[in-house]
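Shared chain: chain A. Partners: chain B in the first complex, chain C in the second.
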Partner chain A sequence: MKGSTGHFLSVNLSDGSTNSFCPPIDYYSRFIGGAGFAARLFVERGNFETDPLAPDALLIFSLGPFAGLRLSGASRFSAAACSPLTGHWADSSCGGNFAPELKFAGFDGILISGKAEKPSVLVISDHTAKVETYPELWGLGVEKTTAALKHKFGKASKTLVIGPAGENLVKFACIINDGHSAFGRAGLGAVMGSKGLKAIVVRAKDRNFIVEDPIACRKLVSELNSRIKESVTLSVMRENGTAANLEGGVHLGDVPIRNFTSNFWEEMAEALTGSTLSEKYLKRRANCDFCSVACKRIVEITEGPFAIPKGPGPEYETIVSFGSLIGSMDLAATCKAGKMCNDLGMDTISCGATIAWALEAFENGDIGVEECDGLQLKWGDINTIINHLLPTIAEKRGGLGELLAGGSVAAARKTGSKTREYNVHAKGLEAPMHDPRGGGHGLALTYAVSHRGACHVSSPMLFMEMGACYYPEIGFDYELDPLSSENKAESAVLAMALGSLENSACLCQFADREITIPEWVALFNSVAGFNWEIHDMMKAGRRIFYLQRLMNHRYGLRAEDDKISSRLLTPAVDGAPEGIKIEFDKMKTKFYNLMDLDPETGIPSSKTLVDYNLETEADIILKG
Partner chain B sequence: MEFWKDETEPIKAFIELFNRAKQDTELYEGLKKVNQLIWFDYTENGPNCSFYVDCRGGEVKVSPGKPDDQPDLTMSLSADDAHRSWSNKLNPVMAITRKKIRIKGSATGLLKLAPKLKKVATIYNVTLKDLGWESKIIS
Partner chain C sequence: MRIFLEPIGVVRGRLCAQSVEIDGDSAVGKLIESLNLPPKLNVIAITDGKRLSSDEKLKDGATVKIVSLALGG
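On to the complex of A and B.
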């Protein structure tokens, strides 16, 4: 199998054993890599009855066929498991520098089971791996742990680390690569923590990457790299990061304010936008391996209450989660909050959203000073959030820490029915910082039908609605009106397949906007030798979408769970989308028809399962 | 061209639009913040079909033709699409994706102006009416 090594690393932390195994060769062309491959491996080796934080739960890291290719956007990879936050199948995507190194070390991924007796580190180098105990790292933040590992294994080694939140099984704990990039969503850091695994380190000597057609591949990669480098939209991101268009987003009503209760806050727009970050705090730009976009930020704040030394800065989601979402327009504070979340190892989206829930619950008297361990919570009080709430949550300190460490949905469940109205999520995953009422009604649909829950990277729907996609070869040659339901179900059919491809090929959804559909096919063919036509590629994307739905069906999800919080379906009270209602049911019914999904079970018919060659998987999942 | 009789018409309309936009405090301040020399290049519709806006140094100057200085940003498109754009009837992201608008240089300044396009369109429609070109207004 070209583009991949053909080998996965299997690690049992209970006895410290490590082995390499070769997944069936057909998995590569049927499920590609990344999220799709991880799902298929779980079907083969996982247990749907296992608690996500039990020792025999599986945690899977999976690369795509392009990891190791010197292509902008190709250095991402996936982590997947049953999510402790949502209770069903989920995956998360991370950029940075770990994926190429793991490929060069000889593995397409890592499958981890068991629980280490003592805090451990998995050390991988050139086709070998061993589990080493490091009790002294337990309790340390991500920064110190990463520094200690670099000191021990060399600066060139690449790391995946959890912070105290992962150790304490905070349900939205994340995993951080080299102190900067994150597997943010769905609480996979808690899964790693439950296994006593503090970190994974990889170091490879070789830089071998064998592709099917080196000449065609080199030519295509060179063309794509030039185009990505010259792209207007990506150069804007290079200049001002992923928050480059935050200001525009505010005027569209896309940026959530005070827990999605408002869609417009004019002064905040300029205060938090990417160009302001560049002017005030940017020290330099940073990138995932081989990517010329360099949308990542290195910032420094030299004075004031939120002073931080030079280091990784916030991207869009973090700026909004700890900015407008909690009622603040203090940009320096978002940098500090982002840095703390990284060090404690918490997903900034779910963390910010859970705090926003608490602020609203406090404002409405649903929780009081007593439940908040003596704290007064109020909108915009970023000092209390930074100095008290973040450490309280990460350490699960007191009643408040316990309450919020389970995420906003569990917190509302414990607190009482009225506070459920303040939840903004799908399938238990807090919504990211794009409000479908302004960002695009199709996003409401894709949040709802995404297997992991409210997720803006499960598909390129956001980009399709804003006009950043043009795929005539698969029928996407029309313009969408973000504030209408027209053509959204049809677009979502394409979007979910494309999203599955992105998350399985592990290509960055910013950089890959410049890649046309025929070029996607040519990449798969020249790198992995799939010998695909467009139709085969789109079929693989849809197959992965169906597989993940089958898995979630086994976890108990049904069609009725394909929904989003009522707050997002209530017309906005201000801003560009004021008064406009999302026709959610209409879009969902049409999507279900087009995808041949049963309106009760939410899974495809037997005929479709056959059409997509999923009979074996369906048998294992549904009958197993 | 669908909307214009000749290459002078669009330039007359667009320069008048910018001169009027300068009278609006919010737009004037917004333009000053762009702080770039922008060349709007419609030369695909004729060699003289272009104008530039110089927002550098705290002032906003609008003139026909190509600037002598090297522009910080060049936007090349057809005069018809420019008309649609100032009328707020052309999604700029989509137009860039489909290569209807070709951009050279940093588009960061323009991003700042994008939210103001609605207001620009209102002024543009009044401008067209005052120039006796009501029929060109896109409803």
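On to the complex of A and C.
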């Protein structure tokens, strides 16, 4: 199979054995790679009854066919497992530099099972791998661990590391690549921690990447790279990062404020926006391998309570999670909180959202000083968050640390029914920093139907609603009004298939906005030799969406779980979307009809399963 | 008539004029067209915190915020 190595690395940490295996060839064209491929491998080798943090739980890292290609946006990859945060199947996507290196080392992915007796590191080099014991790294932050691994294995080696939060099984622990990029969502760092696996290191000598049609591929990649480099919207992101238009987002009512209780805060808009970050703290721009967009930030804060040395800076989600969401407009503090979360190994979205839940619960008297280990919690009190809450959560210290380390939904369950009103999530995953009431009503639908929960990268819906991309070849040639439900179900059908393609091909959602549908097909054909027409590609995207739904059905999710928190369905009290209600049920019913999903079970009919060649998988999942 | 402009976020560096002169009966769509901003920025106009539709008529001397829908992730 061109574009891929045809080999997966299998690691059993219980006995330290490593083997290479060849997944069935049809998985590549049917499930592509990344999230889709990981899901199919789990169906073949995983056990739906296993606790996410049990030794025999599987953790899968999976590359797409384009990893290793010198194409902007192509260096992402997926990690997948049963999420300890949500209790069902989830995947997470990470940029950075690990994916191409792993492909060059000879593997399309890594399948990890078992539990190491002592803290270990998986070391991968050209076609070989071994598990080494490193107890001295356990307890260290991500920064020190990464530095120690680079010292030992060479600067050019690439790393995936968990921090203390992963070791302590914090339910939203993440996995960090080379100190900067993250598998942020769904708590996969805790799965790695439960296996006693502190890090994975990879180093490859070769840079070989064999594609199906080198001439066509080179021409297409060169055209796409030029277009991505010249794109107006992407140059905005290069200039001022992913938060470049945070200020615009505030005026649209997209940016959540104080745990999604408000949609407008004018002074905060300029204080936190990307250009302010550039003016005040930006030292240089950084990028994932081969990407000219360079939306990542390297920042330095030389003075004040939030001084930090030169290093990775926050992106949009982190700035809002530790800014307006918790009632603060201190940009330096968001940089410091982001750096701490990276070092402790915690997802900034779920962490910020869980803290926002606690702030609201404290304000309303649902939790008090006693439950908060003597602390007073106040909106905007970023000092308490940085100095007390973040380390407390990562170490699961005291009652408050234990409470918040399980995420906001579990915390509300323990605390009492009224505090459930402060949860903002879908399927147990805290909502990202785009409020569908202002950002676009279609987002409410895609948050709800996404397999992993409230997720803005499960589909390009946000971009489709804002008019950033059109796909006439598949019928998306019309403008959407973000603040209406009109045509949202129809566009969500396309968006979910496209999202599955993005997360399985592992292309970056920012960079790939510039790629047309025929070019997507040409890319698959020239790299992987799929010989697809548009119809085949869209069918693969939808097949992956259905497969993930089948899996979550086995984990107990039903149609009634395709919902979002009532707070997001209550009309906004201020800002551009004030008073406008999201017609959620109408959109969902139509989406279900168009996707042939059963209104009770939430899964497709047998006819659709046959149409999408999923009979074998459905048999294993539903009858297994 | 004269319309006063308040560029927001990514529009700020790309829109130098503080006001524009447009025909008396012009609607928001016409105003946006006259700004000559890159179409990919997909800008809209907001007054008093509310989004104006493209066929909405403007009043002489009105101030509108110009906001791009190009949000990051």
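We adopt the following convention: the second predicted complex is superposed on the first by the 624 of 624 C-alpha atoms of A that agree within 3 Å, B and C clash if a C-alpha of one lies under 4 Å from a C-alpha of the other, contacts with A are read in each partner's own complex, and residues count from 1 in each chain.
The rule is simple: contacts are C-beta pairs under 8 Å (C-beta built on N, C-alpha and C of every residue); 3 or more make two chains touch, one makes a residue touch a chain.
Note that the coordinates shown come from a computational prediction; the quantities given were computed from them, not determined experimentally.
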item	value
Superposition on chain A - do chain B and chain C clash or fit	clash
First, second, both or neither for A:Gln509, with chain B first and chain C second	second
First, second, both or neither for A:Pro599, with chain B first and chain C second	neither
First (chain B), second (chain C), both or neither touched by A:Met237	second
Chain B versus chain C as contact partner of A:Pro518, first or second or both or neither	neither
First (chain B), second (chain C), both or neither touched by A:His251	both
Partner chain in contact with A:Gly475 - chain B first, chain C second, else both or neither	neither
Of chain B and chain C, the chain that contacts the larger number of chain A residues	C
Which of chain B and chain C A:Val457 touches, first, second, both or neither	second
Partner chain in contact with A:Glu578 - chain B first, chain C second, else both or neither	second
Doubly contacted residues of chain A, that is, touched by chain B and again by chain C	232-233, 236, 240, 244-245, 247-248, 251, 269, 275, 466-468
Interface residues, chain A side, partner chain C - complex	231-233, 236-237, 240-249, 251-252, 254, 264, 269, 273-275, 295, 315-317, 434, 439, 456-457, 462, 466-468, 482-483, 509-510, 574-576, 578
Chain A-touching residues of chain C, taken from the complex the two chains share	8-13, 38, 40-42, 46, 49-51, 65, 67-73
Interfacial residue positions of chain B with respect to chain A in the complex	91-98, 103, 106-108, 111-112, 114-115
Chain B partner contacts - residues on chain A that touch it in the complex	232-233, 235-236, 239-240, 244-245, 247-248, 250-251, 269, 275, 466-470, 479
